[in-house]
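Multiple structures follow.
The following pair of complexes shares a single chain, chain A, combined with chain B in the former and chain C in the latter.
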Partner chain A sequence: MSTFAELLLNGLSMGSVYALIALGFVVIFRATEVVNFAHASLLLAGGYLTASLHDDLGFWPALAVGVAGAAVVGAAVEFCVMRRYRGQDHSVLAIVTIGVDILLTTELTRRLGTDVLPLGDPWGDSVLTVGSVSIAHTRVAAFVTAALLIGLFLAAFRYTSWGVAMRAAAESPETAALMGVRLGRVSLGAWAVAGALAAVAALFLTVFPTPGLERATSLAALKAFPAAILGGLDSTTGALVGGLVVGVTESLATGYQSDLTFLGRGLGDLAPYLVMTAILLIRPAGLFGTKELARV
Partner chain B sequence: MSEVPVSEARTSSGRRSLKRPPGQTARTFLKRPRAYAWAAGSVLLLALPFYLDRFWLQAGLFAMAAAIGAIGINLLTGATGQLSMGHAFFLAVGAYGYCVFAGEGDGLTGLGLPTWLAAVLAVLLAGVAGGLFSPIAGRLRGAYLGIATLALIFIGQHVLFNAGDLTGGSNGRAVPPLSVFGLTFDDREAVVAAVPFGSAEKLWYAGLVLLLGCGLFARGVLRGRPGRALNAIRDHRVAAGVLGVPVARYRAGVFVLSSMYAGLAGVLLALVFQRTVPDYFGMTLSLEYLAMIVIGGLGSVAGAVAGAVLVSLLPQLLTRYSEALPLVSAPGTGGIAPGEASRYLYGAAVVAVVLFLPGGLISVAARRPRSTPGEEA
Partner chain C sequence: MADSDHHADQSPHADRTHQALSVRDACVGYGPVRALRHVTLDVPEGAVVAVLGGNGAGKSTLLRALSRTLSFHGGALTSGTIRFAGRRVDGLRPERVVAAGISQVPEGRRVFARMTVADNLRAGALGSTGSRAAKAGALARVHELFPVLADRAGQRAGLLSGGEQQMLAVARALMAAPRLLLLDEPSLGLAPLMAARIADTIREINAQGTSVLLVEQNAALALRLASYAYVLDVGEVALEGPAAELAASDEVRRRYLGVVDETAAADATRALDTPPSLRRWEADR
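Presenting the complex of A and B:
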């Protein structure tokens, strides 16, 4: 039983990190209707900045630089590439983000090489034990931070004028523009926020028990895609639920894989995608996504 | 907006039938400079195995296999607007399917079927795999489908590494040489016109025939009624549905067709490599195929071929001439390795092409003929 509780808690903690990434992804989609395939490389960029600066600056300043850097990279992608596209077709823009992703990922993995960089976090490998359940400090920190950031973001989304502008732009870009919402600024803001959230997530994807920032980190970040789509691409609630579902599934599949050996090794990496496929078979718009209605 | 696909279809087909009555086709054909370009190009392609060494022939064969796969994914992404990140999976199904159907006596499961039959079955198997995914492929649109197909890559990698009995695990599996009508595409040398013909030379011709067939078939699909329907789905899904196009069935159908193209590309790749390894069929491969069709030109057969040739020859060229180029150096020496350099180049090319040349490279070539009426790429 205590194994199950540990796996569940770890899963929820990882899930909240995936939810952070998926949230950024959904924000970009809502503000600009672009599916951002470069999201994993934004995350890698933030993580790389933090990892390479923490020796000189100390951990917290380095993390701040990493978050700011990823936000700047996101905003730069929006400003230099997305904004220059003159066509109407959003699936072509999705392909452009694939091009951006190829560029960023190639550069970052070339710099990383085969290294595994620690991020110099203060939690180390200490473990919190309550009763018979023990959980790493990093996992607790991940859950608390993600919950705080997500709460902060949702509050801002609901109550600030920035959030109202963003929701208006998502609802109807033309009307929003007529009401004086500056669409360029909205999408710039969305990309910057997504980058910042991804950089925070990069920290928690690479702390204990994972060895550190390496090439495979971008593969871990990819799990936010099933999280976002199984919750529904246009729903912030969906991103949160999707993130948790992916995290818990992955954790349980990894934890119990000795009982599931007939399915092969490395089941934990596969499980999120299987869950996504199963959910899409039943609900093509995701759990919380708006069903598409067409009025003619 | 809704009537655009229809009116386009009517005007262009109407114009074509006005300009080119059936009887005059042969005469006008001879007057066109394109016909001579085609003739010169095919003579050149047919003659190349007599002059090139094995390295270039293999590079060319990779390009041909890539072109077949790219034509398939262009039917899906270019013509229908459905994104697929999972094409590497179907390539793997084709490659490994061929090995399983044809393989025999190497300690792994193999049915030992005649190799030509194995190749056909492998392509069909890729189609079946695409069909199994079609409940999702038919209902999701555009980039949504792109994310959903990510699942295929991870499922594929998992199966390839774990089903060791079928795939040979991480060591991969040897590919039995193809033989058709008693002609075996292996390295037993036959000498033709004083040139030794190994597997690369023989496969070169098989590849050309396959590529031509695939290209013509896709062109037929695109120019005919199904192509109009697919374009209508891409341009305006609701309008297409109102006009009587069964949207979900067409989306599922084109997904199956493009996975069969990918399967054939996989078979050809396996025959060229002579060994299939699971690492090759990862996400990078899928991204490469998307880059090909964007760079070449979305929605046209010629565009897919052009992009495939460019993207698949680029790393080979950079590897071959890495000493002569600035910035590029051999892997492991600290500089930019040829593979990375080519990824920079085609990543930048994808971005640049979409922003500044929305029709792809092929639109540059097509710009001139378009001024003569009645001619379409």
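Presenting the complex of A and C:
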């Protein structure tokens, strides 16, 4: 029973990190209707900045620079690349983001080489034990931080003028422009927010028990794709639920792998995609999505 | 505005600066499609001016040119000038037009269906340059005009009836406290009673000091509201004049007010006798 509780808690914690990434993904999709395949490279950029600066600056300032840096990279991608293609078909734009992703990831993995960089976080490998259940401090920190950030984001989305502009632009760009919404700013803001959230996620993808930031980190970030898709690409609630579903599925499948060997190895990595496929078969727009990808 | 008054005193074309809106020789194209040709039109300060015309006449195109949203449709103003309160507005971005005091109620209402009524109204205020107090004042005024919107504040706009959505669309545009309100077929798809209510509201908005440019296919309604009217036909101003004169003119009566005289009836019979070419073409296939 305690194994199950541990797996579940770890899964929820990982899931909240995936939710952070998926949320950024959904924000970009809602604001611009572009599926952003460059998301994992934004995450890698934020993580790399934090990792390379924490020795000199200390952890918290380095994290702040990493978050700000990823936001700037996101904004720069929007400003220098996406804006040039405004008015193009959305599938063209999605392919452009693949190009951006390849460029950024290639440069970052070249810099990383085969290194595994620690991010210098203060939690180390200490473990919290309550009764028979023990969970790493990093996992608790991840869950608390993600929950706070997501709460903050949703409140801003709902109550601030920024949120109203964002939702108006998502629903109808032309009508939003008639209301005086600056679409360029909305889309710039979406990319910056997505970058910042991804940088925070980078931290929690690379802390204990993971060894540190390495090339494979961007692969871990890819798990946010099934999270966003199964939740419904245009739904913020969907991103949260999707993130948690993927985290828990992955954790349970990995934990009980030895009991499931008849299904072959590596089930933990595969399970999120199986769940996504199953959900999409029943609800093609995702759990909370209101429209399918190809909308009229 | 003190500035324009000052000009008005000295300029030999004093009446020009008294126009809230003046469009001169505007041509608009959607790629190769020419949708407006040399349209010249004025909206005097404080007036209600109507633009009539059938489907595809270019009415919505005119409003898009004013609000600078042609680019969303692949169109552009190819020549001509648009001035508002003496200032050129034909090179501005949409948000600057709103800030200059021109708001539009687009064709088909276009409320943000997934947002609440209250958030729709907040969206309308996004382009306003006024203070917090001014925005609160605009909201109070809008709720006074449309009490139903205060009752439904928390409801999703998509769930409102067509008439309520039209009220919301008008209210949303008023949130920016415009000096000129552009209305694209506000009576479209409304029952006569609701259309009459919208007409009353437009009169009320105008009485409170907002100039109105009203685009309509419902000529009877538009000519009752307006003091001056233009008739657009395939992108050109075919007729213009004081609303009362246009309402009395044979051509407008026949084509837009549904008053059938003998010639029109004869035309219609002749049209029925000749089979439409489209049908023959379909039969050949």
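By our rule, the second predicted complex is superposed on the first by the 287 of 296 C-alpha atoms of A that agree within 3 Å, B and C clash if a C-alpha of one lies under 4 Å from a C-alpha of the other, contacts with A are read in each partner's own complex, and residues count from 1 in each chain.
Heads up, the rule we're going with is that a residue touches a chain if its C-beta (ideal position, glycine included) is under 8 Å from a C-beta of that chain, and two chains touch if they have at least 3 such contacts.
Since we're looking at a predicted model, the values are computed, not measured.
Because the two structures share chain A, they can be overlaid on it, and in that overlay chain B and chain C fit beside each other without clashing.
Of the two partner chains placed around the shared chain by superposition, chain B is the only one that A:Ala94 touches, whereas chain C remains out of contact. By the touch criterion defined above, A:Arg110 lies against chain B but remains apart from chain C after alignment on the C-alpha atoms of chain A.
Residue contacts after overlaying the shared chain place A:Val130 against neither chain B nor chain C.
Which of chain B and chain C touches more residues of chain A is settled by the count: it is B. By the touch criterion defined above, A:Leu178 reaches chain C but does not reach chain B.
After superposing both complexes on chain A, the closest C-alpha pair between chain B and chain C lies 11 Å apart.
According to the touch criterion, the shared surface of chain A, contacted by chain B in one complex and chain C in the other, consists of residues 87. Across the complex, chain A meets chain C through its residues 87, 161, 164-165, 167-168, 171-182, 290. Residues 77, 81, 83, 85, 135-136, 139-140, 142-144, 146-148, 150-151, 154-155, 158-159, 161-163, 237-238, 242, 287, 290-291, 294, 298, 336-337, 340, 343-344, 346-351, 354-355, 358 of chain B touch chain A in their complex. Every residue of chain A that touches chain B in the complex is listed here, in rising order: 35, 37, 81, 84-85, 87, 89-96, 98-103, 106-107, 110, 222, 225-226, 228-229, 233, 263-267, 269-270, 273-274, 276-277, 280-281, 284, 294, 296. By the touch rule above, chain C contacts chain A in their complex via residues 67, 69, 71-72, 93-95, 98-99, 103-104, 106, 110, 112-115, 119, 122-124, 126-128, 172, 176.
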